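Each of the next two complexes has subunit A plus one other chain: subunit B in the first, subunit C in the second.
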Partner chain A sequence: MTQETAFYLLAIIAVLAAVTAVRLRNLIHGVFALVIFFAALAGLFLLLMAQFIAAVQVLVYIGAVGILLLFAIMLTERVTGDDGRRITSRGGFWGATAALGVAVFVLLPGIQQTDLNRLPAELAEANATAADANATMAPPHTVEALGKRLIEPYIITLEVVALLLTAALIGAVAVSQGARRVEDEEEASP
Partner chain B sequence: MSWELIRDILITTVPLLVIFPSLFAFTTWIERKALARIQNRIGPNKTGVPCTRISLFGLGQPAADGIKMLFKEDIVPKGADRLFHLLAPIVALIPAMLVLCFLPLEFPWAKFVQAPVQAFLLDGAVIFFFAITGLNTLAVFMAGWASRNKYSLLGGMRAIAQMVSYEIPLVLSAVIVVMLVGSLNAADIAAAQKGYQWHLFTPWGLAAFVIFFIAALAETNRSPFDLPEAESELIAGYFTEYSGFKFALFFLGEYIAMFAISGLAVTLFLGAGEGPGVAAVPALSVAWFIAKIFALIGIMIWLRGTLPRLRVDQLMAFAWKFLLPLSILNILIAGFAWHVAKSGAGTGLKAVVWIASLITLYAVARGLNRISRPEAAPREYKYAE
Partner chain C sequence: MTLEGLLILSAVLFCVGLLGAFTRRNAVVVLFSIEIMLNAANLNFIAFWRYGENPELLHGPLFALFAIAVAAAEIAVGLALVIAVYRHFKTVDLEKLNTLKEE
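After this line comes the complex of A and B, so read on.
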């Protein structure tokens, strides 16, 4: 009962915050609305018992992405946030139609195929039979289970991701250094 | 939602909300007194019991400060973003308060409590701690931006740059403890240091503690890293436009954050609530925990009275070119030492590893110090001669 209430509350907050983030004209307000959306999502993850994902959601999305967005806005001239200009967009109708189409024809059938719409008793029975088949497939709720998964079966994936991120980091440094050198040369030449 | 659950939550959280804010009042008094002594002043010595001549070394000062703050006029600048201006101090206080519940404080009355409240001792307590303390940056930026004052905004921008940079060495030095213990649970980390096997007493633990403490100073905007609120440069930085109760909330949030991060340092490196007499009287562990927090706060106050503020370029160079490589090296050393200890090596080999790691860490720190120091170029004046 309390869980359901919490779910609906968080879901409503998330949807409202997401819509606000898009609609607001003040960029900084928009970023903070986005942060509220991320926080509500972290709450939803906690409700699903996914502690680690919730913590990472806060750490990465609020702590890093949100702050980076603020950083990026600070580097522009719109720091003050007051801006009379607005993007006049047409085609809102077509966008809404497309979104509705995707929801009805792709998402809903997809959700229908999962276990979500089965009754709890039925689901428990199915789980029991599945548990007999492979007893090791317990859902990885805890941090420990997640860590073991990451290290044992998916170690190569993890290493490849790490390599990719390192390459991106070095690339970013190289790009910024290159830009500075060009600037210096331009300053030096005349 | 049963009544037992509500009762249990009250039993475990209300003490946190009572103990730490009252410690905050006491700490402001200690800080005033200590700074005054360092600067050869006397400090508060008149305020004591009201309507009498008893002064009690100025112990009434925190109460007087509090009353003054509450009665001050709340001024909001005309151009300010009123909503964000109001929200910023609240956003600053809430994460600081929230992370207190991840500290492994073993209150003597906690044994009357049923299991569910142990949910606070989450599996990933350390990760949650870092995730939630990171929110403080948002509050600082919010305050700086909403005030619509260039000094405030500069303070907020400095705060973001500083906190983002120092969060990395902070987390990397905590990683060592998590790696050695093999758990992110604060209670497990505390239990692993039983028998005075504190992580502080190993070379890698000592190095990690020092890095952690320095990064914690920067994260809580304490001097010598108080650039976001540098009085001589930015008036008061991001809370220039705050007065009255909102200012008090910022102040409270800052001190609670200091308690929280010191509490994490105590948990990770200083054996949590362990100390003489805990085996006989378990209730003493809370007292020891808080005493250790106060020892760290005392060092923070001492440093504030001693060190001058860093320049911005020194700040960044120190985080990225000194602390970061050193903490990465430290992780490698700790991993190596852990493997040596696990392979059942004798005392001789262990001693060799200890001494070698001490020498390596020291030499690398010296070398990095020499390389990473930004050279101060002669000042160029653009608009003056």
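After this line comes the complex of A and C, so read on.
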């Protein structure tokens, strides 16, 4: 019962925070709303027994992405409070219509029509309660199990992701300051 | 808290992100709208894992983990591009960025 309450509470917080983040004109406040959204999602992951993913959500999204977005906004926007020069949104009505259309005509019918009961409801309940029972004794799916799975069948994926992250970080540094560097060198070389 | 409830929540969050990506003209806000959509997808992975078969194989959390890593790479490159564009055009208004090369 308390789990149910927590789910609805977190769901409402997540949706409200996401809408606020997306519609707010003050971008700094928008990023703080986004951080609340990330935190609510971390709570949902905890409710779903994915403790490690919840921790990663806090570390990566709240810790890194939030701060990165704040820096990007402060570097590209005047945040002194004059709303006149801010970039505003436009076409709110059509955007809302399109997003609502996707929800009503694509996603929700998809959810309704998909045969989620391929897994019988009793079995799903049994799985869930078994997980709950495990949770009272010990964490059902520990970081250890996750790490072993990461090494055993998914080692190639893990290495590709590591390579991707390295390439992305080098690329980010190169893109954000590379152009000027090249010009300087061209000026300096002749 | 049913699988269906989680899927509906995820669909709603995805559409909120879509709304942001459609309507906002600031490149940074479009980027974080995309983050909202990616998070909604992650919620789906975890929900299917929890209510699906063979939870001990941990497919859902692993997929979510990889998705988070790719999203982090995406946001790093995306913000670097936004800052590079800002250096060049002195604005991040997407409607004013209509050329790849400044004449």
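Definition applied: the second predicted complex is superposed on the first by the 125 of 190 C-alpha atoms of A that agree within 3 Å, B and C clash if a C-alpha of one lies under 4 Å from a C-alpha of the other, contacts with A are read in each partner's own complex, and residues count from 1 in each chain.
By definition in this document, a contact is a pair of C-beta atoms (placed from the backbone, for glycine too) under 8 Å apart; a residue touches a chain by one contact, two chains touch by 3 or more.
Just so it is clear, the model here is predicted, and its values are computed rather than measured.
Engineer: Considering only the touch criterion stated at the top, classify A:2 as touching first (subunit B), second (subunit C), both, or neither.
Structural biologist: first
Engineer: Touching A:143 in the superposition: subunit B (first), subunit C (second), both, neither?
Structural biologist: It touches subunit B, and subunit C stays clear.
Engineer: Would you check which partner chain A:56 touches, where first means subunit B only, second means subunit C only, and both and neither mean what they say?
Structural biologist: In the superposition, A:56 contacts both subunit B and subunit C.
Engineer: With both complexes overlaid on chain A, does A:28 touch subunit B (first), subunit C (second), both or neither?
Structural biologist: first
Engineer: Tell me the contact category for A:67 with respect to subunit B and subunit C: first, second, both or neither.
Structural biologist: First partner only, subunit B.
Engineer: Quick check on the superposed pair: does A:107 touch subunit B, subunit C, both, or neither? Answer first, second, both or neither.
Structural biologist: second
Engineer: Between subunit B and subunit C, whom does A:47 touch in the aligned arrangement: first, second, both, or neither?
Structural biologist: second
Engineer: Using the superposition described at the top, determine whether subunit B or subunit C touches more residues of subunit A.
Structural biologist: Answer, by number of touched residues of subunit A: C.
Engineer: Is A:164 touching anything from subunit B or subunit C once the two structures are fitted on A? First, second, both or neither.
Structural biologist: second
Engineer: Counting contacts the way the document defines them, which residues of subunit A are shared by the two interfaces, the one with subunit B and the one with subunit C?
Structural biologist: 52, 56, 71
Engineer: Using the touch definition up top, name the residues of subunit C that touch subunit A in the complex.
Structural biologist: That would be residues 1, 3-9, 11-20, 22-29, 31-33, 35-36, 39, 42-43, 46-47, 49-53, 55-58, 60-62, 64-66, 68-77, 79-84, 86-88, 91-93, 95 of subunit C.
Engineer: Quick one: which bits of subunit B touch subunit A in the complex? Just the residue numbers, please.
Structural biologist: 1, 81, 84, 122-124, 127-128, 130-132, 134-135, 137-138, 141-142, 145, 148, 153, 157, 160, 164, 167, 183-184
Engineer: Flag every residue of subunit A that touches subunit B in the complex, lowest number first.
Structural biologist: Per the touch definition, subunit A meets subunit B at residues 2, 28-29, 32, 35, 51-52, 55-56, 58-59, 62-63, 66-67, 70-71, 74, 79-81, 142-144.
Engineer: Considering the complex alone, what residue numbers of subunit A touch subunit C?
Structural biologist: On the subunit A side, the touching residues are 3-4, 7, 11, 14-15, 18-19, 21-23, 27, 30-31, 34, 37-38, 41, 44-45, 47-50, 52-53, 56-57, 60-61, 64-65, 68-69, 71-73, 75-77, 87-92, 94-96, 98-100, 102-103, 107-108, 111, 116, 119, 123-124, 127-128, 131, 140-141, 145-146, 149-150, 154, 157, 161, 164-165, 167-169, 171-173, 175-176, 178-180.
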